[in-house]
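Below are two complexes that have chain A in common, paired first with chain B and then with chain C.
Up next, the complex of A and B:
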């Protein structure tokens, strides 16, 4: 049961934190949470299809289909988070200049659903094989429920924490979270690309595993929140920093676009 | 075309050059393939065989992980930054390295207590 708790918590944590941040941010931009059911339905459907077709997906692209799909999903969500920062900054600077609801909600739905598809597929495979097929329903399901429960409580805590802030501060904090989360996703994508031999393997620049081991609780939390990597390579570090710069650049761009709009008036 | 600007009337020569070129490409391709060391790991009864994989340092290695169980398993390693789900009765490829000498543990996320192993880089 303990392994079910850990597996589900690990998979759920990163996605839940991102979705709850998007919920708080979209609310601060004046949108109600009506997009959430659509995201959940799409996410569950995506996770189910990914899990069911995983064997075929794995065999695609000369046996590297899983890596290519995972990396693509991760990078797509990272790009959506950068778009989120652009939209959030625009709204924070000049609410009248806010993007149409469809753009904001589209970003939220797509990012949430893609994140759920990737993480959810693993949970489905685990619960189905070791719970349903192995006849261990009670222990696996209760473990999964506890793991998901812990993840959801942390997410709820984050959502209400962000909502308690003044709406503008909420948007800035959300954009900050999106910036580091996005960089973390890019970092994860580099693992898959390395695993598929698309990105070259390189010597690590440093090894901070004696300081914070990736397998420790702190390491896991830091990995989910910031994409912590104890032994980054030059390519990984550059892509991580490039992602942070892109997110900050999108915010600067949004600010400039609002200023020119104000100037024209 | 030859130097005089006429179209070369000797197709045999072109064919020969073409064949030689293809042959060279095939050869160099197979040399490149032969350079990637391949190591097979099997999963049986939620255990890795072999559980210790020895590979040379600073070399790229292709791990072929064959899951002979009916249940899925996730090959995972924090130290190698690798994570791959291998559904029951199938196989997956994971490239690792080039690596510094040392020990790099891996485990099966779905059976973390039993399914453990390590890559030893020498």
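Up next, the complex of A and C:
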């Protein structure tokens, strides 16, 4: 049961924390949460399709389909989070010049649905393989329910915590969370790309397994929140840092564009 | 935060869920450790029991029978799932007794204590002990996966209800939060359902402590509103008195001036028209103030709209005659529930507008009649009418078609139709502007709601100049 808790909690946290951050951020930008049902429906549908067609997906791209699709979804969400940072910074600096609602809501719906599709499919497959097929239904389902419940509770606290902040602070904090989450997603994507031999295999720069093992609860949670990797390679680390720089760059660009606009006035 | 109810339900549910699930995990882990200890204890008990059997005598004195297998029934009371494998060795390590499940080789090293080892394709927990005479080794073993499954099965029976109870708790929280917020809804309903004129303090039974301050603040606001409305009413009355008198004096003075001058200049005539316009404007402003729906403390009575119309017509008839207009009043006695003074002002404005904007020699028609929905009052003329695009805007205060100097050349305050709309709204009636089907000009159509038949008192007002 404990392993079910940890695995499901990690998957749920990865998705829920990001979706709750987007909810708080979109609210701070003055948008209601009407996009959420659409994102949830698309996410459920995506997760179900991903799980059902997993075999076909795995066979695609010469047997590397699953790795490539997973990496693509992760990278797409990371890019959307960078776009989110641009929009949030722009709104925080100049609300009247804010992006059209369609852009903000589009980012929220797409990022949430893609994240849910991947995480949902992984949870579904885990529960199916270890619960239904291995005949451990009660244990796996209880563990999954507990993991999902804890993840959703933490998401609720995060959403209301962010909403309790002044709207501008909320946007800055959300952008900070999006930066770290996006980098974590890039780190995970590099793992899949490495498995698919798209990224070169390299020696690890260090091994922090003795400090925090990836398979430990802390390791799993750190991986979910920050993309923790105990043995990162140079390429992985570079891409992780590049992702953080891209997110910060998007925020800087938004500030510059606002300043230029004000200057023209 | 858009909803207190959703916020409270979600946050309280999340707290309960987090606390109960974390407790469940902790309980699960500790129970698993306890269960491990219990199973270890069981192995020890069985080992001790076997050591008391005196295996040498069982084996037939000094003869050692190797590979002696205990019958399966010996384990039956433990159940099929919790079978315990046994081995008994001499102090020199010769096997003299074993159960079916146990291999023929030693399950563990010949050292006292618990160990985890692999054999027969499974992982086992093995206990090795020496009997009291230190002459035999007794080894007992359990499959670890079965121990784990059994322990988890028992513990899950306690965890599952916790998991299942959370949705039920969330539902109960939702219901109780809704119940807790009821006084707030009652207060909102109480404030919302009031008449615009009702500024009496809000009184609620058993106001919760959290709402006492809010109720006090609302009552304080109502009290201040009431006194400010009273001040405004007094101001309207005072202004009427203060403004009407000097304007009347001015009118008299101009009249005298016109009489004194044999051939008054155009400027003096313009002065007279200006003073008349100012007098009209002041009257209109006062009517508008008195009839503002939020402030007008009305006690509606059944009023015969037809009689009132007749009365108003007699007042305005001189203007109609001067312009050579042809006027018809049609219909019969029709009751509407309302304020006679306000309705008089309404009819007077509608009629005066029609006459003013209809060319000399034109036709006017006022109809007051019963309809199944109530009373219909229609004023029609043969004037130029109002283009479709402006029919809503003309109800705005101080709005005049084509600006201040409109093509009709008629002076006005731009308040007439604003007053009409106010009075119509105040009486729950509707008003629509359109084209007169019979006369071709403007049609002002008003529909008043029906009056309950039990109200029989008819309030009619008469004026000194009644024509009939």
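FYI, the second predicted complex is superposed on the first by the 249 of 265 C-alpha atoms of A that agree within 3 Å, B and C clash if a C-alpha of one lies under 4 Å from a C-alpha of the other, contacts with A are read in each partner's own complex, and residues count from 1 in each chain.
Here is the rule we go by: contacts are C-beta pairs under 8 Å (C-beta built on N, C-alpha and C of every residue); 3 or more make two chains touch, one makes a residue touch a chain.
Since the model is a prediction, treat every value here as computed from it, not as a measurement.
Residue contacts after overlaying the shared chain place A:142 against chain C, while chain B stays out of touching range.
By the touch criterion stated above, A:235 is placed in contact with neither chain B nor chain C.
In the superposition on chain A, A:165 contacts neither chain B nor chain C. In the superposition on chain A, the chain among chain B and chain C reaching more residues of chain A is B. In the overlay built on the shared chain, the residue A:1 is in contact with chain C alone; chain B does not reach it.
In the superposition on chain A, contact is made by A:157 with chain C only, not with chain B.
Interface residues of chain A facing chain C in the complex, by the touch rule stated above, are 1-2, 5, 32, 138-139, 142, 145-146, 149-150, 152-154, 156-157, 160, 163. Interface residues of chain B facing chain A in the complex, by the touch rule stated above, are 60, 62, 70-72, 74, 78-79, 81-88, 90-100, 109-113. Note for the complex: chain A touches chain B at residues 3, 6-7, 54-55, 58-59, 62-64, 66-67, 121-122, 125-126, 129-130, 133-134, 191-192, 194-197, 201-204, 209, 213-215, 219, 229-231.
On chain C, the positions that touch chain A within their shared complex are 1-2, 7, 10-11, 13-15, 17-18, 21-22, 24-25, 28-29, 152-153, 156, 159-160, 163, 166.
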